[in-house]
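Note sheet for the following structure.
As written, the chains take the letters A, B and C, and residue 1 is the first residue of each chain.
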Amino acid sequence: MAEGLPAGAVVNLRTPVLWSGRNGGFGDAKNLDRPGMPEMKQTLKIATRARIEMVDITADVQKTVDRQGITEGLCVVCVPHTTAGVTINENADPDVQDDILGHLTSLVPRRDAFRHGEGNSDAHIKVSLTGSSETVIVERGRLVLGTWQSIFFCEFDGPRKRKCHVTVLGR
Amino acid sequence: MAEGLPAGAVVNLRTPVLWSGRNGGFGDAKNLDRPGMPEMKQTLKIATRARIEMVDITADVQKTVDRQGITEGLCVVCVPHTTAGVTINENADPDVQDDILGHLTSLVPRRDAFRHGEGNSDAHIKVSLTGSSETVIVERGRLVLGTWQSIFFCEFDGPRKRKCHVTVLGR
Amino acid sequence: MAEGLPAGAVVNLRTPVLWSGRNGGFGDAKNLDRPGMPEMKQTLKIATRARIEMVDITADVQKTVDRQGITEGLCVVCVPHTTAGVTINENADPDVQDDILGHLTSLVPRRDAFRHGEGNSDAHIKVSLTGSSETVIVERGRLVLGTWQSIFFCEFDGPRKRKCHVTVLGR
(Lines give C-alpha, C1' and ligand atoms only; values in the text may rest on other atoms or scores of the structure.)
Protein backbone atom coordinates (compact mmCIF):
# COMPACT_ATOMS: atom_id res chain seq x y z
CA MET A 1 0.00 0.00 0.00
CA ALA A 2 2.75 2.45 0.87
CA GLU A 3 4.16 4.54 -1.95
CA GLY A 4 7.05 6.92 -1.42
CA LEU A 5 7.44 10.30 -2.99
CA PRO A 6 9.33 10.20 -6.28
CA ALA A 7 12.87 11.49 -5.99
CA GLY A 8 13.01 15.15 -6.88
CA ALA A 9 9.35 15.81 -6.23
CA VAL A 10 8.81 19.47 -5.55
CA VAL A 11 6.60 19.77 -2.52
CA ASN A 12 5.64 23.13 -1.13
CA LEU A 13 4.20 23.60 2.30
CA ARG A 14 0.45 24.22 2.22
CA THR A 15 0.40 23.64 -1.54
CA PRO A 16 -1.07 20.48 -3.02
CA VAL A 17 1.22 18.65 -5.38
CA LEU A 18 -0.59 17.02 -8.28
CA TRP A 19 1.61 14.12 -9.31
CA SER A 20 1.63 13.44 -13.00
CA GLY A 21 -0.39 10.42 -14.10
CA ARG A 22 -1.15 9.44 -17.65
CA ASN A 23 -3.53 12.37 -18.05
CA GLY A 24 -1.64 14.89 -15.97
CA GLY A 25 -3.16 16.18 -12.76
CA PHE A 26 -6.66 14.91 -13.49
CA GLY A 27 -6.58 11.17 -13.99
CA ASP A 28 -9.92 10.55 -15.63
CA ALA A 29 -10.75 13.88 -17.16
CA LYS A 30 -10.19 12.75 -20.73
CA ASN A 31 -11.96 9.43 -20.22
CA LEU A 32 -9.49 7.54 -22.37
CA ASP A 33 -11.40 4.32 -21.89
CA ARG A 34 -14.62 5.59 -23.42
CA PRO A 35 -13.84 8.40 -25.89
CA GLY A 36 -16.78 10.68 -26.46
CA MET A 37 -18.46 9.85 -23.16
CA PRO A 38 -18.46 12.55 -20.53
CA GLU A 39 -16.89 11.46 -17.27
CA MET A 40 -18.63 12.48 -14.07
CA LYS A 41 -15.74 11.58 -11.80
CA GLN A 42 -12.39 13.32 -11.95
CA THR A 43 -9.41 12.28 -9.88
CA LEU A 44 -6.94 14.60 -8.19
CA LYS A 45 -3.49 13.18 -7.58
CA ILE A 46 -1.81 14.46 -4.47
CA ALA A 47 1.73 13.82 -3.25
CA THR A 48 1.86 14.26 0.49
CA ARG A 49 5.10 15.16 2.24
CA ALA A 50 4.68 14.08 5.86
CA ARG A 51 3.16 11.25 7.85
CA ILE A 52 0.29 13.47 8.96
CA GLU A 53 -0.70 16.54 7.01
CA MET A 54 -3.64 18.63 5.84
CA VAL A 55 -3.44 19.62 2.18
CA ASP A 56 -5.72 22.41 0.93
CA ILE A 57 -7.34 21.07 -2.26
CA THR A 58 -10.08 23.70 -2.59
CA ALA A 59 -8.70 25.29 -5.76
CA ASP A 60 -8.35 21.92 -7.48
CA VAL A 61 -11.86 20.87 -6.50
CA GLN A 62 -13.15 24.17 -7.91
CA LYS A 63 -11.27 23.46 -11.16
CA THR A 64 -13.11 20.15 -11.38
CA VAL A 65 -16.43 21.95 -10.95
CA ASP A 66 -15.39 24.37 -13.70
CA ARG A 67 -14.64 21.46 -16.06
CA GLN A 68 -17.96 19.74 -15.43
CA GLY A 69 -19.95 22.79 -16.44
CA ILE A 70 -22.56 22.21 -13.75
CA THR A 71 -23.67 25.45 -12.15
CA GLU A 72 -26.25 24.33 -9.58
CA GLY A 73 -25.92 21.14 -7.56
CA LEU A 74 -23.63 19.19 -5.31
CA CYS A 75 -19.91 18.46 -5.39
CA VAL A 76 -18.74 15.33 -3.60
CA VAL A 77 -15.10 14.72 -2.69
CA CYS A 78 -14.28 11.07 -1.96
CA VAL A 79 -10.95 9.75 -0.73
CA PRO A 80 -10.38 6.13 -1.89
CA HIS A 81 -7.86 5.37 0.86
CA THR A 82 -8.28 3.95 4.36
CA THR A 83 -5.43 5.90 5.96
CA ALA A 84 -6.34 9.32 4.53
CA GLY A 85 -9.56 11.30 4.83
CA VAL A 86 -11.04 14.69 4.05
CA THR A 87 -12.33 17.54 6.18
CA ILE A 88 -13.47 21.14 5.84
CA ASN A 89 -11.91 23.62 8.22
CA GLU A 90 -10.13 26.95 8.56
CA ASN A 91 -7.63 27.99 5.94
CA ALA A 92 -6.54 31.36 7.30
CA ASP A 93 -4.22 30.51 10.18
CA PRO A 94 -1.99 27.43 9.64
CA ASP A 95 -1.87 27.06 13.42
CA VAL A 96 -5.43 25.72 13.26
CA GLN A 97 -4.28 22.82 11.10
CA ASP A 98 -1.42 22.14 13.50
CA ASP A 99 -3.84 22.17 16.42
CA ILE A 100 -6.25 19.82 14.67
CA LEU A 101 -3.53 17.34 13.70
CA GLY A 102 -1.81 17.61 17.07
CA HIS A 103 -4.98 17.00 19.01
CA LEU A 104 -6.08 14.15 16.74
CA THR A 105 -2.71 12.57 17.42
CA SER A 106 -3.13 12.99 21.17
CA LEU A 107 -6.57 11.36 20.93
CA VAL A 108 -5.31 8.58 18.66
CA PRO A 109 -1.57 8.13 19.23
CA ARG A 110 0.56 5.85 17.10
CA ARG A 111 1.44 3.12 19.57
CA ASP A 112 2.13 -0.58 19.87
CA ALA A 113 -1.05 -1.66 21.62
CA PHE A 114 -2.97 -1.99 18.36
CA ARG A 115 -3.44 -5.45 16.87
CA HIS A 116 -3.13 -4.56 13.17
CA GLY A 117 0.38 -5.53 12.09
CA GLU A 118 1.10 -2.65 9.72
CA GLY A 119 1.55 -0.19 12.57
CA ASN A 120 -0.87 2.35 11.12
CA SER A 121 -4.07 1.59 13.00
CA ASP A 122 -4.04 5.14 14.31
CA ALA A 123 -4.40 6.35 10.72
CA HIS A 124 -7.39 4.09 10.09
CA ILE A 125 -9.07 5.35 13.26
CA LYS A 126 -8.43 8.99 12.37
CA VAL A 127 -10.12 8.37 8.99
CA SER A 128 -13.28 7.08 10.67
CA LEU A 129 -13.30 10.20 12.86
CA THR A 130 -12.83 12.79 10.11
CA GLY A 131 -14.61 10.87 7.36
CA SER A 132 -13.76 9.73 3.83
CA SER A 133 -15.97 12.18 1.94
CA GLU A 134 -17.29 15.73 2.00
CA THR A 135 -20.29 17.19 0.20
CA VAL A 136 -20.31 20.85 -0.86
CA ILE A 137 -23.15 22.80 -2.49
CA VAL A 138 -22.42 24.31 -5.92
CA GLU A 139 -24.14 27.58 -6.83
CA ARG A 140 -23.56 29.61 -9.97
CA GLY A 141 -20.64 27.34 -10.73
CA ARG A 142 -18.86 28.04 -7.45
CA LEU A 143 -18.33 25.85 -4.39
CA VAL A 144 -20.41 27.33 -1.58
CA LEU A 145 -17.90 27.64 1.25
CA GLY A 146 -17.75 30.07 4.14
CA THR A 147 -15.16 32.81 4.26
CA TRP A 148 -12.78 30.75 6.37
CA GLN A 149 -13.52 27.31 4.94
CA SER A 150 -11.21 25.20 2.79
CA ILE A 151 -11.42 21.55 1.77
CA PHE A 152 -8.47 19.64 3.18
CA PHE A 153 -7.15 16.26 2.08
CA CYS A 154 -6.06 14.66 5.37
CA GLU A 155 -2.97 12.49 5.18
CA PHE A 156 -2.63 10.25 8.23
CA ASP A 157 0.00 7.74 7.06
CA GLY A 158 2.25 9.51 4.56
CA PRO A 159 4.16 10.57 2.77
CA ARG A 160 2.46 8.84 -0.15
CA LYS A 161 1.13 9.42 -3.61
CA ARG A 162 -2.63 9.71 -3.13
CA LYS A 163 -5.81 10.06 -5.14
CA CYS A 164 -8.97 12.02 -4.44
CA HIS A 165 -12.14 11.64 -6.52
CA VAL A 166 -14.46 14.55 -7.26
CA THR A 167 -17.97 14.25 -8.73
CA VAL A 168 -20.43 17.03 -9.47
CA LEU A 169 -24.15 16.33 -9.77
CA GLY A 170 -26.77 18.87 -10.76
CA ARG A 171 -27.77 21.02 -13.70
CA MET B 1 -15.73 36.37 12.88
CA ALA B 2 -17.53 36.56 16.19
CA GLU B 3 -21.02 38.04 16.19
CA GLY B 4 -22.96 38.53 19.37
CA LEU B 5 -26.65 38.03 19.80
CA PRO B 6 -28.65 41.21 19.25
CA ALA B 7 -29.90 42.71 22.48
CA GLY B 8 -33.40 41.56 23.22
CA ALA B 9 -33.20 38.46 21.08
CA VAL B 10 -35.74 35.94 22.26
CA VAL B 11 -34.00 32.62 22.52
CA ASN B 12 -35.82 29.54 23.71
CA LEU B 13 -34.09 26.43 24.92
CA ARG B 14 -34.17 23.65 22.33
CA THR B 15 -35.79 25.99 19.81
CA PRO B 16 -33.87 27.33 16.85
CA VAL B 17 -33.99 31.08 16.47
CA LEU B 18 -34.09 32.25 12.89
CA TRP B 19 -32.60 35.71 12.92
CA SER B 20 -34.16 38.09 10.48
CA GLY B 21 -32.13 38.80 7.37
CA ARG B 22 -33.27 40.75 4.35
CA ASN B 23 -35.60 37.91 3.36
CA GLY B 24 -36.63 36.81 6.83
CA GLY B 25 -35.66 33.38 8.04
CA PHE B 26 -34.61 32.05 4.66
CA GLY B 27 -31.86 34.20 3.24
CA ASP B 28 -31.87 33.17 -0.39
CA ALA B 29 -35.36 31.83 -0.84
CA LYS B 30 -36.55 34.69 -3.00
CA ASN B 31 -33.36 34.87 -5.03
CA LEU B 32 -33.34 38.65 -5.14
CA ASP B 33 -30.20 38.68 -7.23
CA ARG B 34 -31.72 36.76 -10.12
CA PRO B 35 -35.50 37.26 -10.14
CA GLY B 36 -37.33 34.48 -11.92
CA MET B 37 -34.53 31.95 -11.45
CA PRO B 38 -35.20 29.11 -9.03
CA GLU B 39 -32.67 28.89 -6.25
CA MET B 40 -31.48 25.45 -5.23
CA LYS B 41 -29.82 26.61 -2.05
CA GLN B 42 -31.72 28.11 0.84
CA THR B 43 -30.10 29.48 3.95
CA LEU B 44 -31.32 29.09 7.50
CA LYS B 45 -30.24 31.77 9.93
CA ILE B 46 -29.72 30.58 13.48
CA ALA B 47 -28.95 32.61 16.58
CA THR B 48 -27.19 30.41 19.10
CA ARG B 49 -27.34 31.20 22.81
CA ALA B 50 -24.35 29.44 24.37
CA ARG B 51 -20.71 28.71 23.59
CA ILE B 52 -21.54 25.08 22.88
CA GLU B 53 -25.03 23.98 21.95
CA MET B 54 -27.02 21.62 19.75
CA VAL B 55 -29.95 23.29 17.97
CA ASP B 56 -32.64 21.07 16.44
CA ILE B 57 -33.17 22.40 12.89
CA THR B 58 -35.15 19.44 11.52
CA ALA B 59 -38.42 21.35 11.10
CA ASP B 60 -36.69 24.17 9.24
CA VAL B 61 -34.84 21.77 6.96
CA GLN B 62 -38.17 20.06 6.19
CA LYS B 63 -39.67 23.47 5.35
CA THR B 64 -36.87 23.96 2.83
CA VAL B 65 -37.67 20.61 1.26
CA ASP B 66 -41.33 21.65 1.08
CA ARG B 67 -40.40 24.88 -0.72
CA GLN B 68 -38.24 23.13 -3.28
CA GLY B 69 -41.06 20.84 -4.38
CA ILE B 70 -38.72 17.88 -4.81
CA THR B 71 -40.33 14.66 -3.62
CA GLU B 72 -37.63 12.04 -4.26
CA GLY B 73 -33.94 12.72 -3.80
CA LEU B 74 -31.33 13.98 -1.38
CA CYS B 75 -31.25 16.89 1.04
CA VAL B 76 -27.83 18.23 1.99
CA VAL B 77 -27.28 20.48 5.00
CA CYS B 78 -23.99 22.41 4.88
CA VAL B 79 -22.64 24.64 7.63
CA PRO B 80 -20.43 27.43 6.20
CA HIS B 81 -18.55 27.97 9.45
CA THR B 82 -15.36 26.45 10.86
CA THR B 83 -16.39 26.55 14.52
CA ALA B 84 -19.87 25.05 14.05
CA GLY B 85 -20.92 21.75 12.53
CA VAL B 86 -23.94 19.52 12.05
CA THR B 87 -24.88 16.09 13.33
CA ILE B 88 -27.86 13.75 13.41
CA ASN B 89 -28.73 12.27 16.80
CA GLU B 90 -31.46 11.68 19.34
CA ASN B 91 -34.11 14.34 19.89
CA ALA B 92 -36.22 12.66 22.57
CA ASP B 93 -34.19 13.06 25.75
CA PRO B 94 -32.27 16.36 26.05
CA ASP B 95 -29.82 14.55 28.33
CA VAL B 96 -28.39 12.87 25.23
CA GLN B 97 -27.41 16.25 23.82
CA ASP B 98 -25.83 17.20 27.15
CA ASP B 99 -23.90 13.92 27.21
CA ILE B 100 -22.68 14.41 23.63
CA LEU B 101 -21.55 17.99 24.23
CA GLY B 102 -20.07 17.16 27.62
CA HIS B 103 -18.08 14.24 26.33
CA LEU B 104 -16.92 16.14 23.24
CA THR B 105 -15.66 18.83 25.61
CA SER B 106 -13.82 16.28 27.73
CA LEU B 107 -12.21 14.87 24.56
CA VAL B 108 -11.37 18.32 23.22
CA PRO B 109 -11.15 20.75 26.14
CA ARG B 110 -10.76 24.47 25.65
CA ARG B 111 -7.26 25.05 26.93
CA ASP B 112 -4.16 27.15 26.46
CA ALA B 113 -1.88 24.58 24.86
CA PHE B 114 -3.22 25.24 21.38
CA ARG B 115 -1.20 27.42 19.04
CA HIS B 116 -4.09 29.22 17.30
CA GLY B 117 -4.32 32.67 18.86
CA GLU B 118 -8.10 33.08 18.86
CA GLY B 119 -8.56 30.60 21.69
CA ASN B 120 -11.14 28.52 19.85
CA SER B 121 -9.06 25.68 18.45
CA ASP B 122 -11.21 23.24 20.38
CA ALA B 123 -14.19 24.40 18.32
CA HIS B 124 -12.32 23.83 15.05
CA ILE B 125 -11.35 20.33 16.15
CA LYS B 126 -14.90 19.48 17.23
CA VAL B 127 -16.11 20.49 13.75
CA SER B 128 -13.71 18.06 12.08
CA LEU B 129 -15.00 15.32 14.38
CA THR B 130 -18.73 15.90 13.86
CA GLY B 131 -18.50 17.15 10.29
CA SER B 132 -19.68 20.22 8.38
CA SER B 133 -22.48 18.58 6.38
CA GLU B 134 -25.15 15.92 6.59
CA THR B 135 -27.00 14.17 3.77
CA VAL B 136 -30.57 12.96 4.26
CA ILE B 137 -32.74 10.99 1.84
CA VAL B 138 -36.01 12.64 0.75
CA GLU B 139 -38.98 10.37 -0.02
CA ARG B 140 -42.51 11.50 -0.87
CA GLY B 141 -41.43 15.00 0.05
CA ARG B 142 -40.35 14.07 3.57
CA LEU B 143 -36.91 13.81 5.13
CA VAL B 144 -36.25 10.12 5.80
CA LEU B 145 -35.21 10.12 9.45
CA GLY B 146 -35.55 7.44 12.10
CA THR B 147 -38.06 7.80 14.91
CA TRP B 148 -35.49 9.25 17.27
CA GLN B 149 -33.40 11.23 14.78
CA SER B 150 -33.17 14.99 14.47
CA ILE B 151 -30.76 17.19 12.55
CA PHE B 152 -28.77 19.34 14.95
CA PHE B 153 -26.80 22.47 14.17
CA CYS B 154 -23.77 22.17 16.46
CA GLU B 155 -22.50 25.43 17.90
CA PHE B 156 -18.99 25.07 19.31
CA ASP B 157 -17.94 28.71 19.70
CA GLY B 158 -21.06 30.74 20.35
CA PRO B 159 -23.19 32.51 20.98
CA ARG B 160 -23.22 33.82 17.43
CA LYS B 161 -25.49 34.54 14.52
CA ARG B 162 -24.99 31.59 12.18
CA LYS B 163 -26.03 30.37 8.77
CA CYS B 164 -26.83 26.91 7.52
CA HIS B 165 -27.31 26.10 3.82
CA VAL B 166 -29.81 23.51 2.61
CA THR B 167 -29.97 22.10 -0.93
CA VAL B 168 -32.34 19.48 -2.30
CA LEU B 169 -31.47 17.47 -5.39
CA GLY B 170 -33.79 15.01 -7.11
CA ARG B 171 -37.10 14.89 -8.93
CA MET C 1 -35.96 1.16 21.01
CA ALA C 2 -34.09 -2.05 21.76
CA GLU C 3 -34.95 -5.11 19.68
CA GLY C 4 -33.39 -8.48 20.41
CA LEU C 5 -32.31 -10.98 17.81
CA PRO C 6 -34.99 -13.54 17.00
CA ALA C 7 -34.29 -16.91 18.52
CA GLY C 8 -32.48 -19.13 16.09
CA ALA C 9 -31.13 -16.29 13.97
CA VAL C 10 -28.08 -17.46 12.06
CA VAL C 11 -25.39 -14.86 12.44
CA ASN C 12 -21.98 -15.30 10.86
CA LEU C 13 -18.96 -13.30 11.86
CA ARG C 14 -18.10 -10.59 9.33
CA THR C 15 -21.23 -11.43 7.33
CA PRO C 16 -24.24 -9.14 7.32
CA VAL C 17 -27.48 -10.86 8.14
CA LEU C 18 -30.45 -9.51 6.24
CA TRP C 19 -33.42 -10.17 8.44
CA SER C 20 -36.62 -10.96 6.63
CA GLY C 21 -39.17 -8.16 6.53
CA ARG C 22 -42.36 -8.12 4.53
CA ASN C 23 -40.40 -7.75 1.31
CA GLY C 24 -37.43 -9.90 2.19
CA GLY C 25 -33.99 -8.37 2.57
CA PHE C 26 -34.88 -5.11 0.85
CA GLY C 27 -37.76 -3.49 2.68
CA ASP C 28 -38.97 -1.01 0.12
CA ALA C 29 -37.75 -2.48 -3.13
CA LYS C 30 -41.17 -3.49 -4.34
CA ASN C 31 -42.82 -0.29 -3.19
CA LEU C 32 -45.95 -2.05 -2.04
CA ASP C 33 -47.56 1.22 -1.03
CA ARG C 34 -47.45 2.72 -4.51
CA PRO C 35 -47.44 -0.07 -7.11
CA GLY C 36 -45.96 1.00 -10.41
CA MET C 37 -43.93 3.84 -8.91
CA PRO C 38 -40.17 3.38 -8.86
CA GLU C 39 -38.69 3.65 -5.41
CA MET C 40 -35.44 5.57 -5.03
CA LYS C 41 -34.75 4.36 -1.53
CA GLN C 42 -34.12 0.74 -0.67
CA THR C 43 -33.66 -0.53 2.85
CA LEU C 44 -31.19 -3.13 4.02
CA LYS C 45 -32.12 -5.04 7.12
CA ILE C 46 -29.21 -6.07 9.30
CA ALA C 47 -29.22 -8.25 12.39
CA THR C 48 -26.22 -7.39 14.52
CA ARG C 49 -24.76 -9.90 16.93
CA ALA C 50 -22.80 -7.90 19.48
CA ARG C 51 -23.09 -4.65 21.41
CA ILE C 52 -20.40 -3.05 19.24
CA GLU C 53 -19.61 -4.38 15.79
CA MET C 54 -18.69 -3.33 12.25
CA VAL C 55 -20.70 -5.16 9.57
CA ASP C 56 -19.42 -5.05 5.98
CA ILE C 57 -22.45 -4.09 3.85
CA THR C 58 -20.57 -3.25 0.64
CA ALA C 59 -21.96 -6.15 -1.38
CA ASP C 60 -25.53 -5.33 -0.37
CA VAL C 61 -25.10 -1.65 -1.19
CA GLN C 62 -23.73 -2.65 -4.60
CA LYS C 63 -26.80 -4.86 -5.15
CA THR C 64 -28.97 -1.81 -4.49
CA VAL C 65 -27.03 0.15 -7.11
CA ASP C 66 -27.54 -2.75 -9.53
CA ARG C 67 -31.29 -2.69 -8.94
CA GLN C 68 -31.60 1.05 -9.49
CA GLY C 69 -30.00 0.86 -12.94
CA ILE C 70 -28.13 4.12 -12.45
CA THR C 71 -24.63 3.93 -13.88
CA GLU C 72 -23.18 7.39 -13.16
CA GLY C 73 -23.94 9.31 -9.98
CA LEU C 74 -23.92 9.12 -6.21
CA CYS C 75 -24.92 6.43 -3.76
CA VAL C 76 -25.89 7.57 -0.27
CA VAL C 77 -26.08 5.19 2.68
CA CYS C 78 -28.14 6.54 5.61
CA VAL C 79 -28.56 4.85 8.97
CA PRO C 80 -31.92 5.79 10.58
CA HIS C 81 -30.76 4.99 14.12
CA THR C 82 -29.12 7.12 16.80
CA THR C 83 -27.00 4.36 18.32
CA ALA C 84 -25.61 2.98 15.04
CA GLY C 85 -23.64 4.71 12.32
CA VAL C 86 -21.73 4.03 9.12
CA THR C 87 -18.08 4.36 8.14
CA ILE C 88 -15.75 3.43 5.29
CA ASN C 89 -12.53 1.71 6.27
CA GLU C 90 -10.25 -1.27 5.63
CA ASN C 91 -11.78 -4.65 4.88
CA ALA C 92 -8.63 -6.75 4.48
CA ASP C 93 -7.41 -7.31 8.04
CA PRO C 94 -10.18 -7.79 10.65
CA ASP C 95 -7.69 -6.52 13.24
CA VAL C 96 -8.27 -3.03 11.87
CA GLN C 97 -11.95 -3.23 12.80
CA ASP C 98 -11.02 -4.46 16.26
CA ASP C 99 -8.56 -1.59 16.65
CA ILE C 100 -11.15 0.97 15.51
CA LEU C 101 -13.86 -0.34 17.83
CA GLY C 102 -11.44 -0.82 20.71
CA HIS C 103 -10.06 2.68 20.44
CA LEU C 104 -13.50 4.24 19.99
CA THR C 105 -14.50 2.48 23.20
CA SER C 106 -11.45 3.80 25.03
CA LEU C 107 -12.30 7.33 23.81
CA VAL C 108 -15.98 6.95 24.69
CA PRO C 109 -16.34 4.31 27.40
CA ARG C 110 -19.69 3.02 28.57
CA ARG C 111 -19.87 4.43 32.07
CA ASP C 112 -22.23 5.75 34.69
CA ALA C 113 -21.32 9.42 34.55
CA PHE C 114 -23.65 10.13 31.65
CA ARG C 115 -27.02 11.72 32.37
CA HIS C 116 -29.12 9.85 29.79
CA GLY C 117 -31.00 7.13 31.65
CA GLU C 118 -30.87 4.40 29.03
CA GLY C 119 -27.18 3.72 29.67
CA ASN C 120 -26.22 3.99 26.01
CA SER C 121 -24.96 7.56 25.77
CA ASP C 122 -21.61 6.21 24.61
CA ALA C 123 -23.36 4.79 21.56
CA HIS C 124 -24.98 8.13 20.73
CA ILE C 125 -21.61 9.88 21.02
CA LYS C 126 -19.88 7.30 18.82
CA VAL C 127 -22.53 7.92 16.14
CA SER C 128 -21.80 11.64 16.09
CA LEU C 129 -18.08 10.84 15.71
CA THR C 130 -18.39 8.31 12.86
CA GLY C 131 -21.46 9.83 11.23
CA SER C 132 -24.91 8.60 10.18
CA SER C 133 -24.35 8.60 6.42
CA GLU C 134 -21.73 7.97 3.75
CA THR C 135 -21.67 9.12 0.14
CA VAL C 136 -19.95 7.02 -2.54
CA ILE C 137 -19.47 7.85 -6.20
CA VAL C 138 -21.04 5.43 -8.73
CA GLU C 139 -19.26 4.95 -12.07
CA ARG C 140 -20.24 2.49 -14.78
CA GLY C 141 -22.70 0.98 -12.34
CA ARG C 142 -20.06 0.25 -9.70
CA LEU C 143 -19.39 1.85 -6.32
CA VAL C 144 -16.08 3.72 -6.60
CA LEU C 145 -14.13 2.40 -3.61
CA GLY C 146 -10.40 2.02 -3.11
CA THR C 147 -8.78 -1.41 -3.06
CA TRP C 148 -8.94 -1.66 0.71
CA GLN C 149 -12.22 0.16 1.31
CA SER C 150 -15.50 -1.35 2.48
CA ILE C 151 -18.68 0.27 3.74
CA PHE C 152 -19.33 -0.77 7.33
CA PHE C 153 -22.58 -0.53 9.27
CA CYS C 154 -21.41 0.42 12.77
CA GLU C 155 -23.41 -1.12 15.60
CA PHE C 156 -22.75 0.66 18.89
CA ASP C 157 -25.63 -0.62 21.05
CA GLY C 158 -26.53 -4.09 19.81
CA PRO C 159 -27.36 -6.73 19.23
CA ARG C 160 -30.44 -5.41 17.45
CA LYS C 161 -32.38 -5.70 14.24
CA ARG C 162 -31.36 -2.65 12.25
CA LYS C 163 -32.18 -0.86 9.01
CA CYS C 164 -29.95 0.97 6.58
CA HIS C 165 -31.32 3.08 3.72
CA VAL C 166 -29.60 3.31 0.34
CA THR C 167 -30.43 5.84 -2.37
CA VAL C 168 -28.78 6.27 -5.76
CA LEU C 169 -29.00 9.54 -7.67
CA GLY C 170 -27.67 10.11 -11.18
CA ARG C 171 -28.23 8.93 -14.73
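Just so it is clear, a contact is a pair of C-beta atoms (placed from the backbone, for glycine too) under 8 Å apart; a residue touches a chain by one contact, two chains touch by 3 or more.
It should be emphasised that the depicted structure is a prediction, and the values quoted were computed from it without experimental measurement.
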- Give the rotation angle, in degrees and rounded to the nearest 5, that superposes the C-alpha atoms of subunit A onto those of its identical copy subunit C. 120
- Type of subunit B:subunit C copy interface by residue overlap (half), same or different: different
- Note on the structure: Taking each chain's centre as the mean of its CA atoms, subunit B sits from subunit C at a distance in Å of 24
- Query: Can you list the subunit B residues in contact with two or more other chains?
  - Reply: 74, 107, 129, 131, 135, 169
- Note: in the complex, subunit C contacts subunit B through residues 1, 40-41, 74, 76, 78-82, 107-108, 114-118, 121, 124-125, 127-129, 131-133, 135, 163, 165, 167, 169
- Message: Under the definition above, what is the set of subunit A residues touching subunit B in their complex?
- Response: 72-74, 87-90, 93, 95-96, 98-100, 103-104, 107, 129-131, 134-137, 139, 144-149, 169-170
